[in-house]
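Look for subunit A in each of the two complexes below; its partner is subunit B in the first and subunit C in the second.
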Partner chain A sequence: MAEAHPVGFQYVVEAKNRGARVIHVDPRFTRTSALAHTYVPMRAGADIAFLGGVINYILANEKDFREYVVAYTNASMIVGEDFQDTEDLDGLFSGFDPDLRVYDQSTWQYAGQGDVGQPEGAAHADRETASGLEQESHGPPVPADVPRDPTLQHPRCVYQILRRHYARYTPEVVERVCGVPRDQFLEVCAAWTANSGRERTTALVYSVGWTQHSVGVQYIRAGAIIQLLLGNMGRPGGGVMALRGHASIQGSTDIPTLFNLLPGYLPMPHHRQHETFRQWVDAIRHPEQQGFWANAEAYAVSLLKAYWGDAARPENDWGYGWLPRLTGDHGTYQQVLDMIDGRIKGYFLLGQNPAVGSAHGKAQRLGMANLDWLVVRDLFEIESATFWKDGPEVATGEIVPERCRTEVFLMPAASHAEKEGTFTQTQRLLQWREKALDPPGDCRSELWFFHHLGRLVRERLAGSTRPRDQGILNLTWPDEEPSGEDVLREINGFDVVTGEPVPNFTALKADGSTACGCWIYSGVFQDGVNQAARRKPGSEQDWVAREWGWAWPSDRRTLYNRASADPEGRPWSERKKYVWWDPDAGEWTGYDVPDFEKNKPPGYRPPDGATGVEAISGDDAFIMQGDGKGWLYAPSGLIDGPLPAHYEPAESTVRNPLYGRQANPTHKVYDRADSPINPRSAVYPYVFTTSRLTEHHTAGGMSRQLAYLSELQPEMFVEVSPELATERGLEHRGWAHIVTTRAAIEARVMVTDRLRPLRVDGRVVHQIWLPYHWGGQGLVTGDSANDLIGIALDPNVLIQESKAGTCDIRPGRRPTGGDLLAYVEQYRRRAENNDG
Partner chain B sequence: MGVRTWIEGWPVYRQLTGTDPLGRGAAAQSARSKGLSARTGTVDSMARSVCPYCAVGCGQRIFVTDGKVVQIEGDPDSPISRGRLCPKGSASKSLVTSDRRQTRVRYRRPFGTGWEDLDLDTAMDMIADRVLQARDATWEDRDSGGRPLNRTLGIASLGGATLDNEENYLIKKLFTALGAIQIENQARI
Partner chain C sequence: MTGNSLYGPLDPAPDAGWTDAPPRMGFFTDTSVCIGCKACEVACKEWNLVPDDGFDLLGTSYDNTGGLSANSWRHVAFIEQRGAPHGDVLGAAAGPQFLGMPGRDLPGRDPDAPRTDFRWLMMSNVCKHCTHAGCLDVCPTGSLFRTEFGTVVVQEDICNGCGYCIPACPYGVIDQRGDDGRAWKCTLCYDRIGDGLSPACATACPTQSIQYGELSQLRERAADRVAHLHGQGVGEARLYGHDPSDGVGGDGAFFLLLDEPEVYGLPPDPIVPTRDLPAMWRRAGLAGLAMAAAVVVSFLGGRP
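== the complex of A and B ==
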C-alpha cells in the first residue's frame, strides 16, 4: 500500500502514530513492511492456506462475534444432505464433472432447495461468460425461508461445515504451506481477533496481489469470511477494501467496458439463457426472492429507454431484440488468441497498452500483428502502437514490418486536464473534474472520438432498412457533441416526459416512463445538481465528509451499514456508532446515509409469501442478498466451490500439501501450443511474482515518458535474495535473465534481503520479484515482465494468474535474435522430458 | 543600509528575538525569498481536478496561464488526500505538458515501414469505414438453433480504466448498438 497507493497509506501511518498495530504479510519486504510493526514473509500463491488458518483459529477458539454472526450471516442455515466437502473428496466438492471441469452446484444448496440448482450445462456457460459471480450483484437464486439452527449445533449448518472444512488448516499446516513460522502466524491471528468485536473493528485491504490468481475470487471470499465471522462488515473501520489501481477502474466496472456486463451490473444477454426479454429480466430478478434486485425490470427497461428512447416501446420489448448476444468466452485473452487465428479484423486500444501490460506479451503482439486495422488512442507513442517496427518479435524475426499487414491509426488523446468528467475512485466515490484547458493539436477526448465515430457510422447507414442496422439507427445519439454533464444526466436517469432528473433508483419504473443509463449511479444528478462536483473542504466537515463527491448507491459511503447497529437497531458500541434506529422519529439515522429502507423498523418481519423488498426483515443487513445474509458459505454462484480451499497456482514448484488436487480443478487455460504453461519441473525451480514501483504506473505509458519518474527508477531490475544469488552466481548490479516456457527477459540484478528463502513442505523455496513497468518505448526502456507470464485464468472472472509463476534465473544477458527463440524452446523441451 | 537594518537582517538575531525560535519560518527568510510569490497566485484560472494515476482519487488543482498548465498541486480541500500527492501525481504537470506527447494523428499503412501524416477528419472517416466493413464481413444474425445473435465478432476493444464514466458510457452504448461485444478493459486484467 505504501508503494502503490502512498497517499492512502497516510492514514495507516496516522493510525500507527495513535497506537495502532500494523502487520504486513507479503512475499517481499516493501516500503509498507518498513513502516509496519511486524513483517510476515510468505510464499506467493499460498494465501488461502494462510487465511484458512485464520478462520480455523477463530472457530477453534470461538473468537467469532457470535451475536453478529447469528443475526447477519448465514452461519445458522442448514445445507442439503447431499453436499460433500473437500474433506470427503480429497480436494473436490460434490458435483464435479471431470470432462467439462465444472461443478453442478445443486448439491451445494440449502436444505430443501436442491431443486433450484442449475440447468444442465449452465455452470460451463457461466465460466465461459464470467457470469458465475453475478449472484454477488444480481442476487443469488435462493429463497428466504431456509431452515436454520440459531444454536449453530446442527451438523449440517454452515457454521459446523465451516469448522470441519478448515479444521485441517492448523498453524503447523500454515507453516508447511506458506513458509510462515507458527509463532508469527499465531501473532497475526491474536492481533486480528483481539482488534475485532463490539468495541473495535479491523479493516482488510487488498489489491491485485489477490485478484491475479487462478483462485483469486476465493482469496477475497476467504478474507470476507474472516471479516464476517469477526463482525467487521458494514461497520466503521472495518470491511474488505479493494485498493484498485487505475483512476476509474471502479467506474469502468460499474459502467462497464466489459464483455459480459451492461451498466449497473446488468448481464449482457446470452443467446441461450436470455433469448427473450422476459428470460433476461427474470434471470436478474429471480421472482421468488427478496432484496432490491427484485426491481431489476425497472432498471433494465430504463437502460433500454436510455439507449433507444422513443423507439423502445412495450411492443418491441423496449428494443431488447437489438442487443447483441454472448455465446461463450469473449474475454480479452480469448480475443488475443482469436487475433492470432485471424478471426478479428479491427481492434481499439483506449489508454491501454497490452504489448507491455497484459500477460503473455508475445501473444498480445503477434495478435496485433495479424489484424486488418488497429486504432491506438493514447497520449504517447506506446509499445502497442509500434510493435510492427521495433517490438521484441521484430528482433527475433517473428514480425517483419514489410510483411505485417496491420494498418495502424495512432490517435492522440486528451489528458485528464483537458476534459471534464467523473472518475470513480476505489471507494465508489464519483469525483467531477473541471476542464482546465483545451487539448493541443489533434488531441481529443474519448467523448469526442466516440460521439463523432457514432455520428459518422450513422450517416453512412442512414436510410438502411436492414434489420441489423436498426439498433444503431434508432440509438439516441445527438447530432451535436454532448458535454460531460449531458452524458452524466443520462446516466443519472430522467422522466421521459418532463426530462427532469430522477432523485434515485427507487424512482425508476418498468413502464417506460423513465430512462436511466446506469441505475446504481442514479442520484448523482439529484435535484438537477451535479452531486459529484461537490467540494466542501474536508476541514469543514465531519470524518465521513459526505459533502465531497458522491458515492453509489444513493451516496452511501459504507455499504451494508445496517450491520453497524445490532439487530434491535442500537449501535454495537458508543465507540463504533455509525447508523442506528431512532425509535422516536421512526427512522434510521446516523453519520452516513442508511443502507436500508429509511422507515423500516428493526422489528419488522415480512408477511408469509412476501418477495422482493417487502421480504427484507428489519434485521436483514445484507439487502442485496437473496436471503438477506452475509455469506460465509456460498450455496450457489461460485464456479469453483462454496468455500475457499487451498490449491497451488497453475505453475508451482511444490505438490499441494493439503489435498490430492494440485491446482484449482475448474481454472481456465487455453489448450494450444502458443499458450503454454510451465509444467512442475526442476527446469523452472523458482517462484516469481511482480508488482508496482511507487515511481511508475502499470505498463509505463504514463510514467516512462516522464523525465522525473524515469530518473527516479531508470532501469528494469530483478530482486533476488543473497542465498539465491550465491546459488545461481548472480552479481549485484550485474545482468541476469529470467526464463519461462514463453519467454526469456533480462534485467539488472538487485541482491537484497528484501527477499528471503522460505522453508516450504520440508524444502527451501526461493522467490524472485520483478517490477512490470518496462517496454521498448519511452525515456527508459527494458524487457517486459509480463512476457514471462502465462494465460491461466480464474474461472469466475477470467482474470489471469500473474502474481505467482515459476521460472529459472541465470547470470548474464539473454540471447538475442533467433537464438532467443531456440533458447526458450530448449528450456521447454527439457521441462517436457523432465530433464532438470 | 544602517547598522540596525544590518543586524535585524541577520537570521540568528531574528531567530533569538522574534516569533520563530526554531528558525524554520520568518527568521530564515532572506530579502530575496521575501520578494518571491507563488506562481499559483498570479494565474489566469484554476481547475479542480483529480489525479489520473491510481484509484485513491487524490484532489488536484490545475493552474493555467496563457493557455498553458503552469502548475499542478495537491488540493488541500480533499478529505481523501488532504493536499498530498505521490511522486506520480506530483509529476503529472510533466505528463500533461510533455513535448513527447503525440499531438498529431500518425498513420502506418499495411506493410509500411514508418509513420505517415494523416488529417484528423480523414482518419475519422477511414476508421468509420473500417468499422462498418469489419461489421458487415463478420455479422451473425442467428445461431445454428435460430436464436438471435445480432452481433459481430470482427471488432474488439480494450481500455477504459483511465477514462471518464461518461466516456465509457458512450463507448459501451455505441459498440452495443453496433453489435460489437468484445469490449474489455483493465478490470479483466
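== the complex of A and C ==
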C-alpha cells in the first residue's frame, strides 16, 4: 500500500501512531513491510490457503461474532441435500461438467430451491460474457423463505458446511502451502480476531493485484467471509476496501468501461437471453425477489431516456432495440485474439497502454498490428502507438513496419489537471476536480473528443434509414460541447418535462417521465447543486465528514450500515455506534444516511408472498441481496464454486497440496498455439510476481516521459534473493534474463534480502519480483514484464492471472533478433519433453 | 546574543544583524514514518527548477539519487539491514555470502548483537541549515547569507563559483553544478516560507515525515516523539542535529533516526571547520607575537 498508494498510506501511519498494529502479508518485503510491525512473507498465488486458514481458526476457536453471524449472514440457511463439497469430491463441487468445465449450480441451492440454480449451459454463457457477477451489488435470485436453523447445528446449514470445508486449512497446512511459519500465521489470526467484535472492527484493505488470479473473485470472497464472520461489514472501521490502480477505477465500473455492463451495474443485454425489453428487465429485477433491485425497470427506462430522449417511447420499448447486444466473450483478451485473427478492424485506446500494461504483450502488439485503424489518445507517444515501428516484434521480424497494415491515429489528450470532472474512489466517494489550466497545443479532453466524434459520425449518417444507424441518429446529442457539470446533471437524472434534477433514485420512474444516466449516482446533483464539489474540511465537521464530496448510493458513506446496529436496532456498542433505530421518532438515525428504509422498524416482518422492498425484513441488513443476508456461502452466481477453495495458479511449481485438482477447474484459457501456458516443469523452476514501484505509474506512459520520475528508477530490474543469486550465478547490478513460454526479457539484477526463499511442501521455492513499468518509449526504456505473462483468466470476471507465474532466470542478456524466438522455442520444447 | 558567533548555542538571524527577526524556522525529519516515496525529491525539483541528476541505476537498494548534490536538494537514503540468514529454509549449507552489496557491516553496528529481523530504513536527507554554517562563513562574495528565518541560502546571481563553501560543509551537502560551476543547495524554500507557505518537500510528504515549523516547537515535538517511540518499544529511536551544543551549534534541519548516524551516511560528530578560527587566529597571533618577541629578544640580547 505504501508502494502503490503512498498518499492513502498516511492513514495507516496515523493509525500506527495511535496504537494500531500493522501486519503486512506479501511475497516480497516492500515499503509497506518496512513500516509494519510484522511482515509475513508468503508464496504468490496461495492466498486462499492463507485466508482459509484464518476462517478455520475463527470457526475452530469459535471466534466469530455469533449474534451478528446469526442475524445478518446466511450461516443458518440450510443447503439442499444434493450439495457435495470439495471435501467429498477431491477439489470439485457437485455438478461439474468436465467437457464444458463449468458447474451445473442447481445442487448448490438452499434446501427446497433446487430448481432455481443455473444449468451448466447458462453457466458457460455466463463465463463467456463475464456475467456471473454482473449485477455486482445484488447477487442472483434467491427466494426469501429459506429453511433456517438459528442454532447453527443442522449438518447442512451454511455454518456447518463452512466448518467442514475449511477444517483441513490448519496452521500446519497453511505453513506447507504458503510457506508461512506457523507462529507468524497464528499471530495474524490472533490479531485479526482480537480486533473484531462488538467493541472493535478491522478493515481488510487490498490492492487490485489481489484480483489478478485465476481464482481472483474467490480471493475477495474469502476475505469477505472472514469479515462477515467477525462482524466487520456495515460497521465503522470495517469493510473490504479495494485500493484502485489509479484514479477513478471505481468510477469506471460504476459508469463502466467494461463490455458486460451498462451504467449502474445494469447488465449489457445478451442477444439470446434478453431478446425483449421485458426479458432484460426481469433478468435484473427478478420479480419474485426481495430487495431494491425490484425497481430496476425505473432505472433501466430512465437510462434509455437519457440516451435517446424523446425518441425513447413506450411503443418502441424505450429504444431497447438500439442497444448493442452481447454475442459471447468480448473481453479484452478475446478481442486481442480476434484482432490477430482479423475479426476486429478498429480499436480505441484511451489512456491505456496494452503494449506494455496487459498480459502477453506479444499478443497485444501482434493484434494491434493487424487492424485497419487504431486511435490512441494519450499524453505522450506511448508504445501502443509505436509498436509497429519499434516494438520488440520489429526486432524479431514478426512485424515489418513497411507491411504493417494498421493506421495509427495519435490524438493528444488533456491530463486530469487540464479538465474538470469527478473521480470516484474506493469508498464510492465522488470528488469534483476543477480544471487548473488549459491543455497545451492540440490536447483535448475526452469530453471534447467524443462530443465532436459523435457529432461528425452523426453528420455522416444523417438521412440514413438503415436500422443499425438509428440508435446513433436518435441519441440526444447537443450541438454545443457540454460542460462536465452538464454531464453530471444528466447522470444525476432529471424530470423530462421540467428539467429539474431528481433528488435521488427513488424518484426515478418507469413511465418515461424521468431520465437518468446512472441510477446509483442519482442525488449527486440534488437541489441543482454539484454535491461532489463539497469540500468542507474534516476539522470543521464530525468524523464521518458527510460534507466532503458525495458517496453513492444516496450519499451513504458505509454500505449496509443497518448492520452497525443489532437486530433490535440498538448500536452494538457505544464505541462503534453508527446508525440506529430511534423508537420515539420511529425512524433510523445516526451519523450516516441509514442504508435502510427510514421508517421500517427492526421488528417488521414481511407478509406472506411479499416481494421487492416490502419483502425486506426489519433485520435484513443486506438489502440488495435476494435473501437480505451477507453471503458466507454463495448458493449461485459464482462460476467456480459456492466457497473459495485453494487451487494452484495456472502456472505453478508445486502440485496442489490440498486437493487432486491442480488449478481452478473452471478458469478460462484460450486453447491456441499463440496463447501458451507454462506446463509444470523443472524448465520453469521459479515463481515470479509483478507489481508497481512508487516512482512509476502503471505502464509508464505518465512517468517514463518525466525526468524527475525517470531518474528515481531509471532501469528495468529484477529482484532476487541472495540465495537464488548464488544458485543461478546472478551478479548484483549485472544483467539477467527471465524466460517463460511466451517471452524472454532482460533486466538488471537487484540482489536483496527483501526476497527470501520459502519452504513449501517440503521443498525450497524461490520467488522473483519484477516491476512492470518499462517499455521501448520514453526517457528510460527497458523490457516489459507483462510480456512474460500468459492469458489464464478468472472465470467470473475474465481478469488475467498476472500476479503468479513460473519462469526461469539466467545471468546475462537475452538473445536478440530471430535468436530470441529460437531461444524461447527451445525452452518450450524442453518443457514439453519435461527435460529439466 | 552570545559573545561568539562561531560556535555554541546561538540564535543565528539576530546574530547576522536581522532586527525583529521572526522565529527561527526549520525541518524535523522523522525517519520512523518515512515510506521512501521520494515525493520530497520530486516536489523540491518541481518548485526550485532543479535539473535532473542523471539516469543511473546505482544498485543501492531503491536509492538512485546517491546523495545530496547541486542537482538533488533532498535525498532519500534506503538502507537494507540484514537479519538472520535463511538457514532455516535452505538447511545448514547456505550461509550468508558476500555479493558486493553495500549496506553491510556499517560503522555503528554491533557485531556481537546482530539483528534477528530484516530492516529497511529510509531517510530523507537535506541541508542542515546549521547554526554555525561553514559554507556561509567562508563565502567570499556574500552569495551565501543568513535569512531572517535563520536559514542559509545561496544567491545564484552573486555566487562566482569559487567553491570554498564545498569543503567547508561538515555534512558534504553543498555542491557545484558541473555546467555552470556555481554552488547550489536547499534554500528551505526561501521563496515560499516568506509568503507563509511550507517548503515544497514538507507539503508533498504524505506521512508527515518531513515537518516544517518553528525550530523551538519542532524540538519539543521531536523530544515527545522520541519518548513516544521509546514507550512503544522502539528503543533505538534517537535525535540527530537537535542539540545546540554540538559541533555546529545545532541544525536548523534535524532528524529522528532509528540507528547510528553513520548507518544513514551522516557524520557522527560534525564540527563546523570555522569553529577553531578564533583559536587558530589566537595561536597565529601568539606565534606572531612570539616571533616578534624573539626578534626583539635577539636584537636586545645580541648586544650585551
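Simple rule for what comes next: the second predicted complex is superposed on the first by the 830 of 836 C-alpha atoms of A that agree within 3 Å, B and C clash if a C-alpha of one lies under 4 Å from a C-alpha of the other, contacts with A are read in each partner's own complex, and residues count from 1 in each chain.
Quick note on the criterion: contacts are C-beta pairs under 8 Å (C-beta built on N, C-alpha and C of every residue); 3 or more make two chains touch, one makes a residue touch a chain.
Quantities reported herein were computed from a predicted structural model and do not represent experimental measurements.
Applying the stated clash criterion after superposition on subunit A shows that subunit B and subunit C collide. Within the superposed three-chain model, A:I249 lies in touch with subunit B and out of touch with subunit C [touch as defined at top]. Contacts of A:E723 after superposition: subunit C is touched, whereas subunit B is not reached. Residue contacts after overlaying the shared chain place A:Q541 against subunit B, while subunit C stays out of touching range. In the superposition on chain A, contact of A:Q10 is made with both subunit B and subunit C. After overlaying the two complexes on the shared chain, residue contacts for A:L429 are found with subunit B alone; subunit C is out of touch. In the superposed pair of complexes, A:Y708 makes contact with subunit B and with subunit C alike.
Look at A:T201: by the touch rule set out above, it reaches neither subunit B nor subunit C.
When the two complexes are overlaid on their common chain A, residue A:L758 makes contact with subunit C while staying clear of subunit B. Looking at the superposition, the partner that touches the larger set of subunit A residues, subunit B or subunit C, turns out to be B. Looking at the shared chain after the overlay, A:T558 reaches neither subunit B nor subunit C. Subunit B runs into subunit C after superposition on chain A, and of the options 19-27, 55-63 or 127-135 the stretch responsible is 19-27.
Contacts of subunit A with subunit B, set against its contacts with subunit C after fitting on chain A, overlap at residues 6-7, 10, 694-695, 707-709, 712, 779. Residue ranges of subunit A in contact with subunit C, taken from their complex: 2, 6-7, 9-10, 13, 17, 29, 31-35, 39, 693-695, 707-715, 717, 721-723, 725-726, 731-733, 748, 750-754, 756-759, 764, 779-780. Per the touch definition, subunit B reaches subunit A in the complex via residues 45-59, 62, 64, 67-69, 72, 76-82, 84-92, 94-96, 98, 100-115, 118, 120, 123-134, 137-139, 141, 143, 145, 147-174, 176-189.
Within the complex formed with subunit A, the residues of subunit C that make contact are 33, 35-39, 41-42, 45-46, 51-57, 59, 61-62, 64-65, 80, 82-83, 86, 89-90, 94, 96-97, 99-101, 118-122, 206-208, 228.
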